[in-house]
């Protein structure tokens, strides 16, 4: 078991190393001189040279890569060209809000996707199945940025049911200031018992989280359905039927747990995907997460920031996969034996 | 099983510690600046109701992050929105009179040759640090700015020496004649600040932590990078301008990149002022009773610079044909008020503006010129490259219309939207063959002086920096070099010189076409009284000048 | 379950099949004119794979097509199947679930695959008992008794399927049937996935339960050696049809059908039933 | 892209069905047929755009600044955009761009992925390890993120979109093919080919490749929708197609601040993306249900 863990960790480390190298290479290919971008359009040659030296742009590429890796490891993710602050600080500020949004979306997706998948599997081949399959295909086909605009126009500005944008009513910072620990507003508000900010945050979360949940709900429903159907065709399901259990019981009480394994791996995949998809949603709802930071970085060709965002999301993805592998051990005892 | 649970728990703890250490643990949000005694529950006005009560909050909606650099010496970016409310310069530009007016300086004189300037400073002004604003402090601030040489510090390039004659007399000696009162009104790098604010500490670091050392009506209250309400300012009680009558006691900057969202916030009464809308939303704002809309011409115009040095456009006839091909009225029509017809290079409101030179589309003329050069319908196909700013919808409109028109004239325009650094790199390429034929970019001056367009864009330079039409003309260079002294000493002569230069550059050399001047389209709450746009300070609202109405 | 007492088939016939034809599409998968299994009796169906023997067994539990993608749509069952007094062909799902497990239990070919991999054996046992109304202490004692009856350590209920051997798993499947009070076990190739020594264990358990408790067994197998040690009567199927049936001893000694002869001849050393006994 | 191929239940009774050609078209495959029909319609619309578009010149570089932002009418069914172009015509021409991108991306990434995957699967050993570790690295980026980063590097254009997406998608096919090819490579006919002295490349491309293709083809049709969405997202962020190309994502981006005032500029291109991605997904799902059984 621990050998499996070590091998798995080694694999993850290898992937992270590859990710860092690839990111470095891509960032070196970005047109334009980062020194110029940093020093500004009116920089003197001396300022430019200083900037070049600061970014180590005069060293040979392998040396630059080595320095880059060394800096990353020691927590120096470089300085953003557009905010002029350490990229790491920027990411720490922006990421919790993104995490909050993505987590909310995934909660919705799991809470809706799995029951829908079960229902579809239960009524396989009949109308409920077809309609669930078609709507989940629709959900994975919708361009999020467009859906975000549409929902915002209809439900916020049209019907006025939800706030237009933002993470919470910023006026509340005055009347009931939030003490931050994790920087995830909903979590901090919950643990410090700051109900005004908590309810406001949840209210603001509804639309963006729903939009962002569309894709994961669709794929989770489809995957749950497929995995359940596969699982319910196995010998053990026949055995459970022969023990007198009905179809619904076989699906939910017996087949669902082994079927969750592929669904879980899918969730890890969808988690990272949703962070990036969230960039597009955040822009529309002005959610103060990584999205705005990333789009600003792209607009200004801010290579250290783009690299930071890329590395962070890729690293999260690797971590999520690792976590899922471990979780699968909890769900499926067979995996523990590997 | 147990092994897994332990591992997962350890992971969760690690993640928590990571975030907790990152934010210092248990901070009050909105109190990023620990020393400034941040907000207390219930003591201040709810930002939700900007229009009520005496100490109302002015909620400004910018579409970009506000602060990248808190140092008044090097600040050269969007933080001007806040800086102009925190810091003051010696003078402030008035676009109506086209002249600098008193701010921290109450009066000034210049010598006949325009090389010696003496400013008399205001009595009773104090910095937020408590120190009085005197000539020595102003000298120290400007000298520090000059010494750092960052951002827009170049505006002081002409200054040879600064002397504090007494506590209220500041004397500048220049290397060459310059309209220093205009320089001192610049939006950036002109601030007077307390250079001793950080004590023995490093001043730049101290600024970077979110402190200020200005003399303006507001001072930093809270600053939280990356949050929606990035920055709030509060009244500086000892401001020399006083706080009589109803005034906004707080300013909040609520960053909202999406125009539609910004508009909906304003319509919903959540914010006070939206700096930028699109024409359609602006029209809607005009028809909304709780909102007022104001449109003001800016000092920012769009330039299409033609490559006079290499490629097909070396032929002046082709450049003139392009000038005639641009659908000026069409662009302005599509922009629906976001852009106004341009007359010459210098926007209205600046010395040098030339009201008569409004260009018109002339397709027949363009066709004739193309024919003469062997191109046009029936002739050779002319292939041109153009670069413009990625993500700028207004430039995109121009480019779309231009390529549509040129298509009919047998000119194939291949237009590329690029990030500025890329666009600029390509334009500066050593190999002329790699440069574009047409470059589209905005230009605006760092202080209210038309000289900026000429010295930066049309004076010969090597290596190339902003002379992106690659014009090399000794006669033009000579005239450009004469401009500062004329501006400083003889405004009428300066006016004439500007007119002549524009004729030479636009009509004779056809180095550039100016499709339109940007208009600012602001929308703000009905309750705001006394708002006047000042294009010399792009997007800045001088909040102290306003009155919160009912 | 009290239905056992009020069974309408007082004469101890647990399975009665008459004129059963199972079709999928136009193809006849299994056709059995007559088959009866009485209480305490062991009837075996033998034949090569694809002969329709498993289909016949599943049809008795109403489980034909339960895993197929087409569900009931493609499967057509005609004829009469009565199991523990329930008309399986006509019965609704609720009625079928009433007899499954508690009166007629299934033992499948691949022992571990037949047990849910994510569930401890005890959990499965507990849920199955609860499904048939046995809960709490009664359930615990019944489970323990049943597990002991198949010669397993009750500790095994704390394990997952992948942690037990094939023979243990198979005996546990039989214990499930015992705990639920089944009168007949329908065993589909119960030993073919097991080692030879383990096979003997499982067969021994089945035989003992039949002898001691009167448990009826419908055994499907291709293994004539196994069948000969336990079956009272035998049906031989080929290509969906019954080619020969009769008492085991008679059939092994004097196979009438050519195919049966082939089968019998193929078994290297068919042990004499007399010796075994 | 995200959902791995999960074979539906394989009942013992089904083989008989596989031979009935009628079932292929009706029965379970109504989904695939519906998806294919919808997609065929979109392809047809794209091919015939110059003839069926009411204002074909608007699909290209024409502009009519004086007819800007007209609401839908008999003359302009979908209204006009900021510079007066017929939105319907641009949506039809946009189908060309989107389908071109989808086909190019799938061809490139599918081609590269299949070749590398077959090599990895057949060769095994360190070759497989190296190729798989490289795909691991690529797969550690969410596809849109890596495409974004690449699109930033390259200058915005349709080609950029194709390259940026293809670079991030090939590893999926490499993975899939490698696992299928590995199992095909152990089958008897490959062994016998090897024993007969058939050279390795020939075995790979004559025998292993054709037998590994089916799941890849299913995956390709499933991924069409994902490519369309990613391409639209890139153009929406200003990293893809640019004026005067008709592209749906670009149209949404250009019109997004007009949603409350001129809804038609955004709504129709958005719907076009939705429907096209949906058609690909329905087709892919239908094929998957059919072919993996």
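A, B, C and D are the chain letters, set down in written order, and residue numbers restart from 1 in every chain.
Keep this in mind: a residue touches a chain if its C-beta (ideal position, glycine included) is under 8 Å from a C-beta of that chain, and two chains touch if they have at least 3 such contacts.
A quick map from chain label to UniProt name: A = Putative D,D-dipeptide transport system permease protein DdpB; B = Peptide ABC transporter substrate-binding protein; D = Cytochrome c550.
As the structure is a computational prediction, the values presented were derived from the model and not from experiment.
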Intersection of the contact lists for chain C and chain D:
A
From the centre of chain B, which other chain's Cα mean sits the farthest off?
C
Can you identify the chain nearest the overall CA centroid, using each chain's own CA centroid?
A
For the pair chain A and chain D, the C-alpha centroid-to-centroid distance in angstrom is 23
Averaged-CA centre spacing for the pair chain C and chain B, given as whole angstrom:
86
Intercentroid distance (Cα basis), chain B paired with chain A, Å
36
Can you compute the centre-to-centre distance for chain A and chain C, using the mean CA position of each chain? Integer Å is fine.
51
Could you tell me which residues belong to chain B and also touch two or more other chains?
258, 260, 264, 390-391, 422
What positions in chain A touch 2 or more of the other chains?
31, 125, 149, 153, 157, 229, 232-233, 284, 295, 299, 301
Could you pull out the residues of chain D that touch at least 2 other chains?
8-11, 28, 155, 238, 256, 259-260
So, in the complex, the side of chain A touching chain D is made of residues 11, 14-16, 18-19, 21-23, 26-27, 29-31, 125, 133-134, 137-138, 140-147, 149-150, 153, 157, 219, 222-223, 226-227, 229-230, 232-233, 262, 266, 269-270, 272-273, 275-277, 280, 284, 294-295, 298-299, 301, 306, 309-310, 313-314, 317-318
Listed in rising order, chain A residues that touch chain B in their complex are 1, 31-33, 36-37, 40-42, 44, 47, 82-85, 89-90, 92-94, 96, 149, 152-153, 156-157, 164-167, 169-171, 173-184, 283-286, 288, 292-293, 295-296, 299-301, 323, 326-327, 329-330, 336
Of all residues in chain D, which touch chain B in the complex?
60-63, 65-66, 68-69, 82-84, 155-157, 238, 242-244, 254, 256-262
Show me the residue ranges of chain B that touch chain D in the complex, using the header's touch definition.
258-260, 263-264, 278, 280-281, 283-284, 327, 329-331, 333-334, 336, 390-391, 393, 396-397, 399-401, 403-404, 407, 415-418, 422
Complex contact set, residues of chain B against chain A:
1, 3-5, 7-8, 11, 16, 19-20, 22-23, 25-31, 38-39, 41-48, 64-65, 68-69, 76, 149-152, 154, 222, 224-229, 252, 254-258, 260-261, 264-265, 267-268, 390-391, 419, 421-422, 424-425, 466
